[in-house]
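Before anything else, here's the structure in question.
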Amino acid sequence: MTDTEQFPVRVEQPDRNGGNIFSRVFDELTAFCRSRSLFILHYCTGCGAIELPPAMTSRFDMERLGISPMVSPRQADILLITGYVSVKTLKRVMLTYEQMGSPKYVIGICSCTVNGGMYWQSYATAKKLNDYMPVDLYIAGCMPRPEAVITGLRQLMDKIAAGEANGWEDYYRRYDYYLGHQQRLFGETWQTPTDVIAEARHYGLFGPETLGDHTRLLEQHQAPLEALEMQLGLGAPDEVKA
Amino acid sequence: MNDAHLPVERLSIILGEVKEVRVTQKGPRRTRLDVAADALPALLELLKGRAGFVHLSAISCVDWPDDAQFELVYHLWSYELNLLVSAHTRIDRDPGVYVSVYDIYHPAGFFERDIHEMYGVFFEGAPDMEKFILTEWDGPPPMRKEFDSEGWVNDHFDWQDYRPDWLLELEAQGGGVMIPPDEQRFSRRGIEDNDDAG
Amino acid sequence: MTGSLDFLLLLSVVGVPLAALLAPSVVGRWLLVLLYVVQLVELALLGSGDGARSAVSFSLLGHSVGWQLDALGWFFAMITVAAAGFSAAYAAGEWGTLNARAGLSLRWLYVGLQVNVFAMLVLLAAGDMVALFIGWELTSWAGLLLMLLAGGEAIAAARRYIVYAIAGGMMVLGGLLMTLAAAGSLQFDAVAAAIPTVGTSALWAITLLFVLGFSVKMATMPFHLWQAPAYAFSPAPASAFLGAISARMGLFAIALVAIKLIGIVQLDRLYLYFDALNLRNLLAWVAVFTAILPTFVAMKQNDARLLLGWHGVGQGGYMLLGLVMADSLGSAGGLLHVFNHATYQAILLMAVFAVIHRTGTADLNRLGGLVARMPLSFLAMLIGIIGLAGLPPMNGFVSKWMIYRALILEGQPLLFVATVISTLGTVLSVYKLLHNTFLGQLRLEHETVKEAPWSMTIPMLVLCVVVFVTGVAPGLVLEYVAAAQQALGLAPVAFILGGIDSPAGTLDMIWVTAILLAGFGIGAVLFYLMGGRSRRVHQLDNYAGGHFLTADVRYQYSDNFYAGLMHRIRPWYRGSFAWAEEALVSTFGAIATAARGFFEQANPAHWVLVGTTLITTWVMWHALV
Amino acid sequence: MRAENYEARNHPPSNEFEINFGPNHPGIEGNYALKVKVHGDEIVAARADGGYLHRGFEKLMEQRLWIQNIALVPRICVPDPAPMEVAYSMAVEQLCGLEVPQRAQWLRVLLLELSRLAAHLFTFGGHAATTGMYTPMFWGVADRDLLLDLFEELTGGRVYSIYNIPGGVRRDIPDDFLTRLSDTLDYIDSRLPDYDNLLFTNQVFVRRARDAGPVSQAQALDWGVTGPNLRATGLAFDVRRDDPYLVYDELEFDIPTEQPGDAWARTLVRRGELLQSIRILRQVIDRLPDIGGPIRAPIPNPLAWNVPAGEAYVRIESSKGELSWYVVSDGGDKPYRVHIRGPSSMHAVQVLEHLVTGCRIEDVAQIMFSLDACPPEVDR
Amino acid sequence: MHWSELAIELTLMPLVAFVVGLAMVLMMRKIAARLQRRVGPPLLQPLYDIVKLYGKRTQTSHGMLHEIGIVMAVGGYVAAETLLPVPGMNGIAEKGGMITLLYLTMIPSLGLALGVGQCANPNGSIGISRALTAMLAYDIPLVIVIAGVAIHFGTTNLVDVIAQQQAGGIATWGAVQMPLLAIAGLFALQGMLGKQPFEIYVAPAEIATGPMVEMGGKFLGGLFVMQCFQLYTASVLYVTLFLGGGENWIAFLAKAFAVLVIPMSIAFLFPRYRTEDMITMLWKWPVVLGLIGLAFVGS
């Protein structure tokens, strides 16, 4: 990472001319629908969350843009980091982010997510969100007004429709980088239940920087969490349990 | 209770029975008591039982490293007398152990727990000394004066190196804030250094 | 080889010492399974009809006693022998070996099974009322053999069963004597002819005595308390066999006496309150309550075996209800339900015992998530509970549909609603069973559990096929049900291969299943072909309010599964149990008083015990010589 | 989470299971967690888990100048920030012996009561939403937004106003502000019947909220319950009246109380306070034009302001309950020690744990929202 | 009927149900928006949601049953729709009848229950336990209503039921002939749709949306599709039983949408009951009304 890079998120432009016309149309349609239907995770990580209810309710009504809140990370598309993240929260945010289904987008709301904001001195809050997860959009302000939040979401919608909001791919492709920062803050034996490397392999999102020193460290420590596949083992056990 | 002085007088009558208490009248509804550490629980019990100080508003801890002491302040409110009493006591910073007043005031549970994790003061007899806020914190008790918050931050976090285009342009033209991010912040240490120098 | 009832009974009797001889070895057990196959073939060769009459007959106190297998008996006999065969196969392999090592006497088990089959055949083939009584007593005591095997909890249940069985036997004996007094004969034809001339009070006495006596075995209310624990704690094959068919002997006897001999028209004669409630309606309501209450008791159980045991009691209510409707659709539904219940109850008990075999517990709070480790048992249980809950496309749906239709056609909406309440209760209860056993969190101690051995899964899976096939094409079974209906003197049901074809509502299960499978197919296409590939994750990768789920956290909802419902209906349980027990106590009081009238003895049970034993021995001696 | 936590141990033999309410859960207010052990649907044990919003305010404030801290303090309680500013300013004033001009005191009352109104409108919606009724939330938050417009006009900020400074307030009211305030109050008054029909007299809501999380008066005093939650148990105590600050002793208002102390009573008390706040604001509108004078007392150069050594304990009534600040100065340019006692530090921890234990899953969220606990106040 | 005709009907009926269901979902969200004094979603929002969910790149599954559960939930409704006559198309309605339909509509719930069970999340399990309890609660009035209708028309065949109602215009409609049962039916409808005050099994604030807790991507998309079918089925069943079915498509759709306005309007103005209160509510008034109605039908 060099200083000239503004955001360390590498956007890989999808090949928009590949495939047949049918699949292109289909991709366009999906991208359009993705941009028109955004589920926000209901997780108030910080004080910026106080401006989300106004943005959602009668006055600003985010639902007219197809944006609605969702409870579980499995259902959500957008992770709104609404303000400062304490280290304790950041762990949960990482867990939640990894549990969300891709494509997923992270929006950092409030100045605190950009550079620690007014808590730059605080021992408890993380200063730079994009060290730990790829951030697609920052909405600065303390706290940004609902109009700003909605404008930011509209920008995100445009980015999604144009196929540019690909921070989530970056997380898979450069997992080692993000994991390194997480390990620095949370300790060497840090492990989330989601196996990001296996996921990257499964979905073909494997990149040259997915693996590295930090993932090696992870593999040393981690307790394997493989899916409970159905097993048809029919061998005889050794003892009677009746 | 039309006469505002009446509750204060009632309080002073009760306090007259206790020795080794220094009473300072700080306002019409504020009284400061200074008491030795071993006499405090009995005083609280007396205040609760005799003067209706049933509400423990807060327990504050102040760190005095120069005296090697912690000051514990028990703020009590009486719904009968409409009077606030702050009972101050001091304990040794090392080993930093005191008795819990949970038996007298249940709200003390939270405050003692809080002081324990923030200052490392252990309260004997408290029902619950587990961490509450700093459960995943493995550094020293952060509220102690010797804990250097800023140093810890510099050790553990990176700083955003983002500079917008307009700022880069300004800088290219010789304007803007040219100080690198690491030197931008002014710290307590820096000011003290300046003070010393001045 | 042509079928002959004598040969069948002989096979059965010979089976008893054979079982004692062969049971300890694996090969021997499979040979015994073969014996059941032979019995089944023999039975099939007999055919469903009135042709098979036993050559053995004798005279008892001037009444000739003989055996004849009619279509009704044949229908029940087929189920009995098949259930025994499947149970025997289930236990033949690893289950038997391992449990024998653990101290279970396989000799007793197989002998008990065979004795039961024999006793039931004797009952089902009864050619007159004395034979019926002999068969009845044999069946009652034979059941005890299986219950006593497991020891422990089963002993207490068996002790309770003895009391009930003696009481029931006494009532039947009383009914027999009353019939003899009223009709002067104990031959079916003579009794049937004499009944319409019998006075109301005598008819009341006869009907009540018989029905109550047989109800004990059926475990209809208020005699429902004994059955679930007694059947549940027997060893696996015994439990499966008993749960599948044993209690249905009571239904057979009630059908025989109340419908064939006394006649449903005669029941209408017996009013309680003028026109409002006659004995038939009373029986229908008893049946409905038998269907409802045990179902809701089952919902509260935490032991999988007990849960199923209580359902066994409840399902009996449906059969009785269908029978007493006595129109072609309802009675066919009731009889079909006997078959259906036998199939899926056997599957369910086998699946539960497979789980016990692997994990050592049937406690629903100590299981969970086993679908990943025992998928075949899960499949079996799934099909079983779809059948038990009466959802399409399994066979349970067909029989229940027929009963519903009959209730609506007969203009009994309240009974219909009550029946549906029971069905819904069943759905709730079986989901709890499935969820707590196979779904949810896999416990750490079960991570290494393996699927049950083939010897246990194959009987389950074969039965699953039966459940599905007879669900899709109920006409296969309805053919024999119709014959049984004719044997009972009822109008046979108008069936087609796929179900029922009647002007006021048709059921064609072939269509329903086809459309359902097509729907699933479309659903599968929509799911699997559209959208991205899915990836399986570990159960700890789960939503926990944003927290990390760690391995030592119990993350499974099992105990008091329907807590919300229980908040509403828990007070009603106490009420209903109190009521049922009171009813039971007063019934016993009535029986004791009645018995005192007959025998002028303070403790009639002993006399009945001694008498029954003597009669049985005597009959056996005659039959064998 | 550390890797060893995923390694196999034995599951507990108990039939209880664990459910976490929060931090990512709609049944919890803000970023906070309540870990409960459940048996059937009954909570058998509850454990509050905070610290997700911990920023170390008390430490931060020791590192910043007295005047810098005024920007920091409203962040301590997000839904109701104004009382924090006022309390901090009052503490500094006490330490310096500053006399706040009358007009500034009235303006502070105006700000505090507006903030209370906004906070209560927010709370109703939250409480209703936990019982499955979302419409009051949509209405309440939208109506609250009108109040935020007033904040913006008065202070420049929608949520964090940073309107107070030690010695007074930052600016005077704009032209015609009082008219617009009066209009907004009229509007909210006119909306109250709608709220009554929708929420406060809704039979299903009453059925849900009644008997949920009841607190007796004795228990409330024992556990340090304050504010509306205490008044819902029948004790008519309000810091504004019984330990008056600013100009509250010149204002007429009642203290609404209810007896039963359950979620329903707590919500009703807040509804009563809404009316009282409107009443107070109307009095402010009437009297403010007649009160002249400066809006702040002169203070020394704030960047080199050494506050005299001493200590001050300030209590005020926030919308959640008794808010108190203990500020110690050693005579330097930064506070030596600041201790913030948010009302929620009782409500969200001990009281919540007590009330939730033994209740049902259905009521957990409702109890938390009806206590109007504010997690950032607990975590600081 | 020629087989090809039947095949077309069988294809069209679920398709129509889905499209109408999408419109019903939109209507529901629009009604909510109006009551909450806001604009609400754009016209194609339900479709966007479903396409987006199916188009998710990563799909998290907890095992085969989790997937099969969704297949059953959608497939069960696809099958059920062919038993529900619409104007001009009877499908195989004559081969099943209302009892079969009633039971077929339980299949999706059971399928969903299986899928949720595999997720190993107690929130989901509690949701399912509550959903099944709700089913027990609303099915009792529903079954009373169905029994009443079946006895009134003397058949369980839905085609006959419609034909009899359309024979004499509005006067022979079920709602006119059996007003009490029609009212009881509305209660059951509210319960069937799982809307407030009977919305106990999604309950976000209590159990984090219950059954949906571990559903993401196309799993949730499947549930959204299922919701379309559910709205359609409930409303069309009510129209068929009480409002004379559809004489033509316009009347049919008008009735179907009009029926839904009632539960939707109620839904957003009430909180949810606790489980036992919901049971009391559904076992008290609609059952009493239904039984009285049943007595009138029987006589």
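By letter and in written order, the chains are A, B, C, D and E; residue numbering begins at 1 in each of them.
The criterion applied here is as follows: a residue touches a chain if its C-beta (ideal position, glycine included) is under 8 Å from a C-beta of that chain, and two chains touch if they have at least 3 such contacts.
The shown structure was predicted, so the numbers you read here are calculated from the model rather than taken from an experiment.
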Enumerate, in label order, the chains that touch subunit C and subunit D alike. A, E
Best-connected chain pair, where connection means C-beta pairs in contact: C-E
Starting from the Cα centroid of subunit C, hunt down the chain whose centroid lies farthest away. B
With centres defined as CA means, the chain nearest the overall centre is E
I'd like the Å distance between the centres of subunit B and subunit D, where a centre is the mean of that chain's Cα atoms. 21
Whole-angstrom distance, CA centroid of subunit C to CA centroid of subunit E, is 35
Distance between the centres, which are taken as Cα means, of subunit E and subunit D, whole angstrom: 43
Distance from subunit E to subunit B - Cα centre to Cα centre, in angstrom: 59
If I count partner chains per residue in subunit E, which residues reach a count of at least 2? 36-38, 53, 55-60, 62-63, 122-123, 126, 204, 208, 213-214, 217, 274-275
Which subunit C residues reach two or more other chains? 369, 371-372, 442, 532-533, 535-537, 539-548, 551, 555-557, 561, 563-564
Among subunit D residues, those touching two or more other chains are 1, 5-7, 17, 19, 23-26, 38, 41, 51, 54, 56, 59-60, 63, 138-139, 142, 379
Listing every touching pair of chains gives A-B, A-C, A-D, A-E, B-D, C-D, C-E, D-E
Residue ranges of subunit E in contact with subunit A within the complex: 29, 33, 36-42, 44-45, 47-49, 51-53, 55-60, 62-64, 204, 208-209, 212-217, 219-220
Help me check something: in the complex, which residues belonging to subunit D touch subunit C? 1, 5-25, 28, 33, 35, 38-42
Can you tell me which positions in subunit C touch subunit E when the two form their complex? 368-369, 371-372, 382, 386, 389-392, 397, 401, 404-405, 408, 411, 413-414, 416-417, 420-421, 424-425, 427-428, 431-432, 434-435, 438-442, 504-508, 511-512, 515-516, 518-524, 526-528, 530-537, 539, 541-545, 555-557, 561-565, 567-569
Which residues of subunit C touch subunit D in the complex? 365-366, 443-445, 447, 540, 543-548, 550-561, 563-564, 566
In the complex formed with subunit D, which residues of subunit B make contact? 29-30, 54-58, 60-63, 73, 75, 77, 79, 82, 84, 86, 105-107, 109-111, 114, 118, 132-136, 142-143, 147, 149-150, 187-188
